[in-house]
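Each chain gets a letter, A, B, C and D, in the order it is written, and its residues are counted from 1.
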Amino acid sequence: MPMDNQAAPELQVSRWFNTPAPLSLAALHGRVVVVEAFQMLCPGCVSHGLPQAQRVRQVFAREDVEVIGLHTVFEHHAAMTPVALEAFLHEYRIGFPVGVDAPSEAGPMPRTMAAYGMRGTPTLLLVDRAGRLRQHHFGQVEDLLLGAQIAMLAAEPMTAIASSAACNVDGNCG
Amino acid sequence: MPMDNQAAPELQVSRWFNTPAPLSLAALHGRVVVVEAFQMLCPGCVSHGLPQAQRVRQVFAREDVEVIGLHTVFEHHAAMTPVALEAFLHEYRIGFPVGVDAPSEAGPMPRTMAAYGMRGTPTLLLVDRAGRLRQHHFGQVEDLLLGAQIAMLAAEPMTAIASSAACNVDGNCG
Amino acid sequence: MPMDNQAAPELQVSRWFNTPAPLSLAALHGRVVVVEAFQMLCPGCVSHGLPQAQRVRQVFAREDVEVIGLHTVFEHHAAMTPVALEAFLHEYRIGFPVGVDAPSEAGPMPRTMAAYGMRGTPTLLLVDRAGRLRQHHFGQVEDLLLGAQIAMLAAEPMTAIASSAACNVDGNCG
Amino acid sequence: MPMDNQAAPELQVSRWFNTPAPLSLAALHGRVVVVEAFQMLCPGCVSHGLPQAQRVRQVFAREDVEVIGLHTVFEHHAAMTPVALEAFLHEYRIGFPVGVDAPSEAGPMPRTMAAYGMRGTPTLLLVDRAGRLRQHHFGQVEDLLLGAQIAMLAAEPMTAIASSAACNVDGNCG
């Protein structure tokens, strides 16, 4: 499901793992960003989504493609705490940055998950070099197709990005 | 590694799931007992040990073979709490009884794990109809071999068991 | 599907591979015999049946359990010739004895396949130490169940076999 | 191993399956061509290469990407005849066009295989829209990487192709 020209909502993260400093989609402009939204106790995430994200990390260069995990806990909150997540990431040798999707007062669904209208986990998002949401996969997506989609985003010219990052004469920068 | 004539140490469990009443090896005399010792955040348990225990549950009749999970947490204690385990069992659809190995004051290794001298997880124990420990597998064991070992224990005559369960004239029962 | 007291029809083989001399069920009395009936161009045989037979060969001792492949070609006869089979066995590293089921003038189904009433490939037969057909699996059978069935046949006492191998006073041997 | 600006040697095929008319790389100019070189009795081809080629066929549109099998028999020639191949393609449900690499008088290696300097099977070749060999993978290649490579070739502009396909005023066409 292509989603042209739609700005990707910013990540709302209450805590980061595997990164010295907080990350944001804004700061990653210029790279393709693969966001793997998961829950540590979701069997499909453990058997499919996270191993696939690890393969993406190995196949694509970090200067072109950033891989971020997003722990979108919408059930069993008492079980999937940050402490539990930290142990999980260690045992499953997840090396890429992982953010804890910020809890919401509005309900069990955390903030970023709600902003993207995710239906569950695993969900994989592709954000292009200009920060636009281009793919939103719920459930499993084939490696062949995913590799093709990432490569096409990585191959896109930077022209549009340069213009969107231009500053106006009044000093406002895009 | 056959372990003839060795009585299996009793399970020391602080909490049970998936069973209306606490279980014990003593109460299961007469059946073969398969004990799957695992940790919910152990990748080899999730990908191999627990699915194998589920297959054992499906293939063998419960009147011959009982399958018990034992949550032997020896690391990341703050992550693998009973609350987290309950969510894990629900998400992974583990239907057989699971006991939480009782914590020990002596160190991070819980009591039953220590009593059996387990080296880690997953560990699979086979206890015969007479309550003796007959196999102790650490790591992966093939389904073909495990099926053979369980079947041979299930096929053993009950003679020895009957005698061990006899009561002496002074009223002491074995 | 247990098949008690049924004598297993003798193998009718036109050519053997991986054995210095022809084999027969009669000559294998005293051992459990696992017969893996397959076709070299049957996908389910290549992905499931033959690898399983190889695992049986590795797990059980040859003095207790003999594993025999039977090439039951009932279609594409021009493709699955003995010359082609020989190359197949070499490339797939099948080391156990394999017999070519003898062609029949009556139709495309070879002789042994017809005698057993096989429905297709893969088919796995279990013959007990006394030469009786005890299991007839068409399609896939789980390793756990197969391991259990083989072990139980291997554990059966030899009494009946000894008597059936006795010689009468008039010189006829069973 | 990128192989820029190298024209892909034409396929030399003695017989085609699954296509109403013979194919050639020349006639496929304008599309990316994925050539899966295999032998029907090569285990790695059956378990990895051919299923991957089938996935490529499903994921990419035929107007952009053509998938061709090439039966490069360099051993067991008596076993892997065209008759045997036809049965194999039927049983394994290979639906894309497959050519039999033409035998050579010079030795056991067929003509196209020799022209490409293939080291064995499976080998996967990627030919770009302009008919140039761009990737030559021997053994296994990951789906993610392959998907990326195919997509990037499919995304290349047709400019160079148009010019290379131009005809000179003297009547010679590139």
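Just so it is clear, a residue touches a chain if its C-beta (ideal position, glycine included) is under 8 Å from a C-beta of that chain, and two chains touch if they have at least 3 such contacts.
Every value quoted in this text rests on a predicted model; they were computed, and no experiment measured them.
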item	value
Minimal step count in the chain contact network, chain A to chain C	2
Of all other chains, the one whose Cα centre sits farthest from chain D	B
Inter-centroid spacing, chain C versus chain B (mean Cα positions, whole Å)	36
Distance from the mean Cα position of chain D to that of chain C, given in whole angstrom	40
In chain D, residues with contacts to at least two other chains	none
Contact graph of the chains (line, ring, star, complete, other)	ring
Complex contact set, residues of chain D against chain C	41-43, 46-47, 75-76, 78-81, 83-84, 86-88, 90-92
Contact footprint of chain B on chain C as seen in their complex	55-56, 59-60, 142-152, 155
